[in-house]
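The following pair of complexes shares a single chain, chain A, combined with chain B in the former and chain C in the latter.
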Partner chain A sequence: MQRFKTFFFADKMARWTSRVLLLLFWQLGGNLSVRVPTPLGTLQFIGQEWSRAYEGAPWGVFNNELSVNLIVTLARAGVALTLVVLVALVVGYAMGQIWRIQASFTDLVVVGIALPAFIWALLAVMWFGFGNIAPVFVGFVAGTPMLTVNVFQGSRAIPRELRDMSESYNVTFRHRFRHLVLPSMAGFVMAGFRVAALATWGAVTLVEWFGNNQGAGHRAHYWYDTSNFDGLMGWGLIILAVVITLDRAVLEPLVRKARRWRGDITGLGSAREGKRTVETSDLELLERDGG
Partner chain B sequence: MTVDPATVREPAAPDVDVAQRAASIRRKAAGYSLLGGLVFLALWTIAHFYLRNETFEYVPSPWEVFERMWGLIFGNPERNVAPGAVFVNFWETLRKVLIGWSAAVALGIPIGILMGRYRYARNFLFDFVYVAANVPLIVYAVLALILFGVGDTGPAVVVAIQILPFVALNVAEGVEGVDRNLLAMSRAYKRPTNDAVRHIVFPSFHPYLFAGLRVSFADSWKLGALAETFGGQTGVGVQIRKAFQLFAVADLLAWMFFFVIFVLLIERVVLMRLERYVFRYRLRRGEDVLRF
Partner chain C sequence: MAILRAENVVKDFPPPTKNQPTVRALNGLDFAMSGQTFVSMVGPSGCGKSTFLNIVSGVETPTGGRVVVTNDQGGPATLGYVFQDSRLLPWRTVIDNLRYALGDWSAESGDRVMGYLEMVGLKGFENMYPAHLSGGMQQRVGIARALSVEPDLLLMDEPFSHLDAITARALRTELQTIWERTRKTVLFVTHDVLEAVQLSSRIVIVEYGGTKFEDITIDLPYPRFQTDSAVATMQAEILTVFEEMERRREELDPRIAQDAGSGTEPPL
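For the complex of A and B:
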């Protein structure tokens, strides 16, 4: 009996119990209601999507509805994110160093964070129509303010005394960058990159939903129009799966690595992030976003 | 030699008055911020005159958008807009968001207490909370559409699901920090559990709870409007959807500006006041917690 208890109450077991229970409840709900898709049906649908050849061409690993649409969306998000990084690093750093630039940009950044991505998405669809420009534009607009704020805070976090001292002792630029700028900014930049990446991904899929002929969001809308709820749920699940894989496998380790020298991340993961928000600075107020 | 106290001067005041200097910097900063806004308006006007299209107006002029905004506030009989249309629609959205908030708080506090207190609950609920916090807004909107169809229930429910993890995680964080000695003392003096919860547990997590709610506000507002755009019947999102379907860029921009104004107004005025009220005991202690 005692052994059962230790088995079922172990950390891992608790997590798996919850996962299995969630699936069971979902299946049960799906069986009870006509509208709610079941996990089995959704999985089956994703399988079908995988085996469906893309627009007439013969089927291939990279030429089916699942891969093509997913790769198109990932590529758009990737391009948008590259632009976000390029612009936000420059603007955020300049804002931190030159107060005139900070004064002229702060309000614009605050407004940019407050603007929801879906309004941008609708505007972009009207302006640019189908194609690649609209998703990249909206991804860029949604991600840039988030990263800018974080880079700004990071560049403010470079200790001024150390900077002045290294200047007066003629420390080389490389040395200064490696030992002063990088460690003090990396945590902020990586945290901002994570938020911006999630925002960009959400924004790109949104544009595709509102008006596009390719991509994950477009596919979800397509199945919604044919009132196939398994399909809608299936693509929703794929979009979610990409976010979680990206976050778990790439972004979170990066943030952790960038902050490891401070050694203040433990336990509940993002709960620590919540703690930081008790003391918010002016720009941090609106920082979080999901697209 | 004796010194006549009347002739001893106070040390000379510094040449620069610190307060005056700060005020001057603030004035200059406001000037630059205004400059940024004016540059933006200028670029917009240039875009209005140079980006053109036969089928519809790409970029309406700033004054046209302003006129639409005016009409949305005071009514515009020509365009069949009732006076106060903005307030009616924003109230509809706000109502849904507030219902979602209340549900999230009501569910999130017990979940957070469990997660903060019991290791098993923490592991059991971790995945739910993690996933719920990272779901892209489009997935939530789709979910509302699937589960509740076209109507007002969907937006409120997904807003609740979206805020729940913030409430739960922040409450859990606060509960973890509860002073165990105080709990032991209240037990030793045989105080009822109710009292312990009210006077020890609650004060230890309520700053966290408030922080979580505040940070998630902008997000919940966006999600509420988005869910309305997907499948609502009333509210800002529906108006935005209508503007989109009619290709009315000017209307869409007008709603967009109202959106920003409302978010900033609530963030900066209402929530900040509320925060000052909730944390007034810290202000009294002279702690520098409120840095804005």
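For the complex of A and C:
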């Protein structure tokens, strides 16, 4: 009974109510028109994609329309994101430390942020055609400026007092980088990584939609062409599920780890009790030590 | 123990705005100390005390003159620095903050730093993050960090000025006990004359403009307390020196006398 009461008066209840209501309205909306997909139809479609063997080959866990297309997109996004991290960390950090590099790259970063991904997507398809290069390229150009800006801000935010302290103790460059520079920038890097990951994922699926014969975007486009509303929504839902899983399973724990030293540690979308501050006074310490 | 020699040290800072002159923080400061001494550098705010400490520690470079710090064998001296604020890495635990300054992450270094944490009364808090400690405890970590590098010269820049009076009093007493035990060479900067008299074996008064005005030996037995009559008498004597310094400054620049009351307050 107590568990039941706790559940009903906690924020969990509000979140689950909104989720159930959303599904209910979605189902009702679907019943009103054949042009609106329904949750049941969408789930059925996802099941069908899973059970449909990929291009006539025998069915397997990794050889069906759902798995193959999803793995292809994940691989492309993974490669693009790796390049984003490598380039943005170096360029963003250098921009924060060396004014000439900042001056050289500022305009480029602004252009990268301002130019919509679909322009890049169309250009890339024309330049590189079908295949893996176009989605990886667009994922890279869409994600890099986002992370670069954040890393740049992070590298400017390394506290001067802590740098002076490190200088006075002759801390080596390696230790300084590991224990001062990286943790100082961690919050900015994680925030930037989250935005960059979403931008990269969106860009990769967009290129697949425009011009590719494999991947989640391509498959969504395929069902769009056949006017299969459940199919379109099904792939939308799969893409959404990947984004949420990536956010909750990878990014959120990383952000929490990067912020664990703070007094008020709270997860994103999940209430966690922060660690308490020690209230022992200095006089108590002195008494304890017999001072 | 360390030998510190500073000769004709000058430090200029760039002007805050284009049309202003450079700011001279130190103007030919001569200073020397060595052995088991606790020297306090006292002077009004902005007289260049902290700048001098930063030059000694290598954080700042002097515009002119030279500063040489060696250990008693003539080799390079190891320095420990306690800042006004604790300057701890907030994302590292107490013990890792000490290891960071030490540059040694071995198990042996763990034992060593634990010894210093125990010395400042923080045994049991080693795995906490600075945000979870009070201001006084954070400053204790700062002191333990400075001691853990086993410095030949310990630099302290107004380490208790950010703390409440009760905590500062407790830490002063503790610092005195630690110093009596370790007898490190200490250069302590403060604008609190009473604090300087309680702790120091020698007080150097720096006047506004960054030159040495007076060098006074404090020949009182330890432990000292701020309520001791001898300490209070010595404080009064030193304040007289400050008044004389202020008078001389007014004679040199009559505008200061006109501005009296709105200018820099003399240290207490």
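The definition used in the following text is that the second predicted complex is superposed on the first by the 245 of 291 C-alpha atoms of A that agree within 3 Å, B and C clash if a C-alpha of one lies under 4 Å from a C-alpha of the other, contacts with A are read in each partner's own complex, and residues count from 1 in each chain.
Here, a residue touches a chain if its C-beta (ideal position, glycine included) is under 8 Å from a C-beta of that chain, and two chains touch if they have at least 3 such contacts.
All values derive from a computational prediction rather than experimental measurement.
In the superposition on chain A, A:E161 contacts chain C only, with no contact to chain B.
Look at A:A94: by the touch rule set out above, it reaches neither chain B nor chain C.
In the superposition on chain A, no contact is made by A:L74 with either chain B or chain C.
By the touch criterion defined above, A:L40 reaches neither chain B nor chain C. Of the two partner chains placed by the overlay, only chain C lies in contact with A:Y169; chain B stays clear of it.
Greater residue coverage of chain A by touch, when chain B is weighed against chain C, goes to B.
In the superposed pair of complexes, A:M126 makes contact with chain B only, with no contact to chain C. Residues 275, 277-282, 285-286, 288-289, 291 of chain A touch chain B in one complex and chain C in the other.
Residues 161-162, 164-172, 175, 179-180, 183, 186, 260-263, 275-283, 285-286, 288-289, 291 of chain A are the ones that touch chain C when the two sit in their complex.
Partner chain A is touched in their complex by these residues of chain C: 54, 57-59, 79, 81, 83, 85, 87, 89-92, 96, 100-101, 103, 121-122, 125, 128-134, 136-137, 140, 149, 155, 166-167, 170-171, 173-174, 177. Here chain B touches chain A in the complex through residues 25, 28-33, 35-37, 39-40, 56, 58, 119-120, 122-128, 130-131, 133-139, 142-143, 145-147, 149, 166, 169-170, 172-173, 176, 207-208, 211-212, 214-216, 218-219, 221-223, 225-226, 229, 240, 243-244, 247, 249, 252-253, 255-256, 259-260, 263-264, 267, 289, 291-292, going by the rule given at the top.
Looking at the complex, you find that chain A touches chain B at residues 9, 11-12, 14-15, 17-19, 22, 35-37, 99-100, 102-108, 110-111, 113-119, 122-123, 125-127, 198, 201-202, 205-206, 209-210, 217, 220, 224, 229, 232-233, 236, 239-240, 243-244, 247, 267-272, 274-275, 277-282, 285-291.
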